[in-house]
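Labels run A, B, C and D following the written order; every chain starts at residue 1.
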Amino acid sequence: MSEPRKFPPESDVEKLFDDVNNRGRWGPDDELGTLNYITSQKRVAAAGLVKAGRALSIARDLNTSQSPNNPSPVRHTMCYQAHEPIGAIDEIALGMHGFTLTHLDAIAHVYRGQDVYNGRNASVVATPSGLTYCDILAQKDGIFTRGVLLNIARVRGVPWMAPDQGVFAADLDAAERLQRIRVESGDAIFVYTGLQKRELTEGPENLGQRVGIMPDAIRWMHEREIAVYSGDCVDAFPNPYSLRYAIYFHAVALAAMGLILLDIPALEPLVEICDAMGRSEFLLTMAPLRIKGGTGSPVNPIALF
Amino acid sequence: MSEPRKFPPESDVEKLFDDVNNRGRWGPDDELGTLNYITSQKRVAAAGLVKAGRALSIARDLNTSQSPNNPSPVRHTMCYQAHEPIGAIDEIALGMHGFTLTHLDAIAHVYRGQDVYNGRNASVVATPSGLTYCDILAQKDGIFTRGVLLNIARVRGVPWMAPDQGVFAADLDAAERLQRIRVESGDAIFVYTGLQKRELTEGPENLGQRVGIMPDAIRWMHEREIAVYSGDCVDAFPNPYSLRYAIYFHAVALAAMGLILLDIPALEPLVEICDAMGRSEFLLTMAPLRIKGGTGSPVNPIALF
Amino acid sequence: MSEPRKFPPESDVEKLFDDVNNRGRWGPDDELGTLNYITSQKRVAAAGLVKAGRALSIARDLNTSQSPNNPSPVRHTMCYQAHEPIGAIDEIALGMHGFTLTHLDAIAHVYRGQDVYNGRNASVVATPSGLTYCDILAQKDGIFTRGVLLNIARVRGVPWMAPDQGVFAADLDAAERLQRIRVESGDAIFVYTGLQKRELTEGPENLGQRVGIMPDAIRWMHEREIAVYSGDCVDAFPNPYSLRYAIYFHAVALAAMGLILLDIPALEPLVEICDAMGRSEFLLTMAPLRIKGGTGSPVNPIALF
Amino acid sequence: MSEPRKFPPESDVEKLFDDVNNRGRWGPDDELGTLNYITSQKRVAAAGLVKAGRALSIARDLNTSQSPNNPSPVRHTMCYQAHEPIGAIDEIALGMHGFTLTHLDAIAHVYRGQDVYNGRNASVVATPSGLTYCDILAQKDGIFTRGVLLNIARVRGVPWMAPDQGVFAADLDAAERLQRIRVESGDAIFVYTGLQKRELTEGPENLGQRVGIMPDAIRWMHEREIAVYSGDCVDAFPNPYSLRYAIYFHAVALAAMGLILLDIPALEPLVEICDAMGRSEFLLTMAPLRIKGGTGSPVNPIALF
């Protein structure tokens, strides 16, 4: 059994926040953040990854069942049309975040204190009628880039990581070596720790005790210039820091780096297809709904092989 | 000024329904309909269209303003988090269809009488808890294929078509000739009649008087084996037929052909970029939300050049 | 142990529907149904029942927890106001009927076949934008009348009735005798069978096996000219009749009599206070929300003693 | 033309807040506020006001039309039931406050700074899952008391008051004299300034310029021990004070007095019936929906004569 993770002091996280801060990097009005790494050339190259012509959704179904991990489920209503209906219509209502919906975060979704990406202040950005800066609409033209799966459970030699573990920079390096691939500027990475497999055996994840991305791995992501982070682990719980860093990974990624986060992907089928095809890379395509002022959007990301 | 369109008798539409019917073509349990035309090879070839690396959304913003053409607008609510917020969260509620939301239809969304695609019956398929067959979830792996813009307004030599006009097979043929492109099996076509340009001048479209796809154009689509239809015109209004064909294009396309329909795209920016780049074809990517039982889904389709 | 209930043949229910039909009784355009029994004099007399000045809610809390008996729970959302909030705001979303919400039915809520109260037809009355006749708005001036508790469990000498039992006219007569009260024109009756007490012991009610109001008790209600029916039992399940009478009590009460139904009251505290005060009668006050076209409304009925 | 209103300095409002503060008056855990004035005797006496047996709703219809004064309208959806429907069902979604919905406020709905009624602090009381103290559920047993209409427009001799006017204590005194009635402990008062009549002529109210209850009238209400305030005027706009008193009447009434507020009543029909019957007093009955944690509730108050 491995040791539980150890966290650096909060002062290190403060320093990290400054070190990886992309404020001003793409101009004072930039709302794309790390999507700027996805250049035209990157897109063309990513398109070249479609060799077998196979497509796979890596989203979960919208979850309409209430449970402790899904207290406010999606509401799906079939609507009245007529007594001689010519078709069927319906409505949905959903919250953007939480632990069951596959979704993209708007860059201004999470703050560090009141700090929002690119030097903005939350009290100005977040209003009752929506975000006025770095809302999800900023990502309207979608994400089309190389996706890379990094199988950390395999690196560790376990079917799944225990909830008191963390993903360190060394794990990411090791995954690259094991998989013989190198993460490059503009990539979307998918970090796999085996969570859904664990849940099949041990039951629904305890939200108070979660595998986390460790601070040095955030620095790694900055240095590698990734455009999108996704994975079955994000912020460690219990949170070792103050309210300022209550969800430190989201806070640093969004408010400092402007790093695009794809939360709650469905990774098991992705691992299976990657293993079956002997590949770690694929074309990733996804686009948020065009919600002006929105803090995020449900999405259905597609991996193409 | 051109003559108003003339419609064939309803008996011709009945015959059309049978002639273009794909019932059983892909097996008795098929739920993909014309998405079957998008083969692995088609996907690989479509990826090859990404030459400049440019991406463009062809969705409209979710519309939260009530108007006669948008009686039940999207509801966007910023939600309570805490008195010392660490971020911003929100919810949306929306209906799947209508005239302002860019959305994909589930194949079982519209019936011909009680007839649903592939020999199913609406009274069994459409239940209070959702569609049990050919729901939007059937399209979960998304659409990745060649998109082709067909500029019918240009064929006609007008900035926009008048609301009493129709798009005939001959128009589609003429667009191919003019644009020097040929629609092929598995393509997604985007038929442009200049509607949004007309609305800028003449005000919001009168929903009771709409340009329509004419029956012979539906037959053309069947023969060409298109996978997806999209455009700024769909069913003609006023409707010339009985309740059985109240929206005849949707009825034939969905209930007979299993043709995937992308309603309410934003075509003006697509026309502009096509003109600017001298292209009529592009890679189209989109994927519906994974709504089990859903009759459709909001989407944000992306065109790649 | 008593015998399970026996139902008369459906032909008897057809006859009952005609016998108790109030069609035309209060004019061809009447939308009040049995609320017509509540005359000005009845209201004045009912006010006279307020002797002790005690008030008691007989509604249940809105239920936001999903369960088999509450598949689509009320959704309660705290909303965003500002970073320096001056107060708290929220939203609710709810369906009007079901088994957990205390609610009033609109008279046109349930049909017999396509028959709606006072000779109307459902295909005309029920439209996608709401009921055009006998909606809940028709009851906008509220209900202010005498309420009478009829304790059938006590008549039967049991703490609660078993789910295969029924409430017959003879039970209502027996309750009157035992409680020394007589139900009169314009009264609201509350029939108690001990359901909530049973649920405390045996768990949530099985919706497929429910105590029911028997057809002869419906006739009794008609003869006594009650204005409002409420109780912890309504339609018997499993349903012994065809789809035409799938919920026969609702069908006869609403579509024939125009009898106002208050579903899912909270009767335990009412029984307690009645027992404690040695009373079976009280002033009942309640009023639906003014929902134009609505099929019902959540309410909070108040009993005054 | 009369002079525009003049406001006392904010220091006077601070003093008012302390002078009228009911903190501790009904115990440290009281959640009823001024409803404590409605004693059993008060209820019995109020019941005696029902002499003619007439009932009148003083709510507005739920408003589903979007407009500048109703930016987030009530959403009413007819729901899918079956292809052979046996009835009609629907859903509503609504926000609790605003300028078009007749609603009761929870006492903790508005703060003075972070101060909530009875010495509580907003950061503890208002949580993402609802109010933990003085929510609308605290008022679950409803309001049953004497209502008194005070016609200030008539006192002033105008059909309606201009938007730069205020209602002073002297106006309330004058109305009592003119109408020969005296407001007493436990009463619900309805202050009428002719707003809806003005809107018929001048168009929808400008929310930035509203008739207001003046601070000395708040003191009057405290001295008279009213239980409920309602009226077609509340807080004056533009607001003369700091954010601490952004809506000073709500802040003082709710956070200091625990005074129950019934916002957005429909007063025109009430004025008409009072005039027709030569009465200024009536029995008022209403009860909020039982929303645990709720900040308010839509209601349909009924006046009985």
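Rule of thumb we're sticking to: a residue touches a chain if its C-beta (ideal position, glycine included) is under 8 Å from a C-beta of that chain, and two chains touch if they have at least 3 such contacts.
Everything numeric in this text was worked out from a predicted model, so none of it was measured.
Undergrad: Which chains are in contact with both subunit A and subunit C?
TA: For subunit A paired with subunit C, the chains in contact with each are B, D, in label order.
Undergrad: Using only Cα atoms to place each chain's centre, name the chain farthest from subunit D.
TA: Looking at centroid distances, B is the chain farthest away.
Undergrad: Subunit B-subunit C contact: same residues or different, taking over half shared as same?
TA: Same-residue interface.
Undergrad: State, to the nearest whole Å, the distance from the C-alpha centre of subunit A to the C-alpha centre of subunit B.
TA: So the centroids are 30 Å from each other.
Undergrad: Centroid from C-alpha atoms only, then distance subunit B to subunit D, rounded to Å. What do you get?
TA: Roughly 50 Å, centre to centre.
Undergrad: Residues of subunit A touching 2+ other chains?
TA: Only 75, 77-81, 83-85, 88-91, 93, 122, 126-128 qualify.
Undergrad: When you draw the chains as points and link the ones that touch, which shape shows up: line, ring, star, complete, or other?
TA: Topology of touching chains reads as complete, every chain touching all others.
Undergrad: Which residues of subunit A touch subunit D in their complex?
TA: Contacts found on subunit A: 77-81, 83, 85, 88-91, 93.
Undergrad: In their complex, what parts of subunit A are in touch with subunit C?
TA: Those in contact with subunit C are residues 65-66, 72-73, 75, 77, 79-84, 93, 114, 122-123, 126-128.
Undergrad: Residues of subunit D touching subunit C in their complex?
TA: 39-44, 47-48, 50-57, 59-62, 64, 75-76, 78-79, 84-97, 102, 108-111, 122, 125-131, 137, 140-142, 144, 243, 246-247, 250-251, 283, 285-296, 298-302, 304
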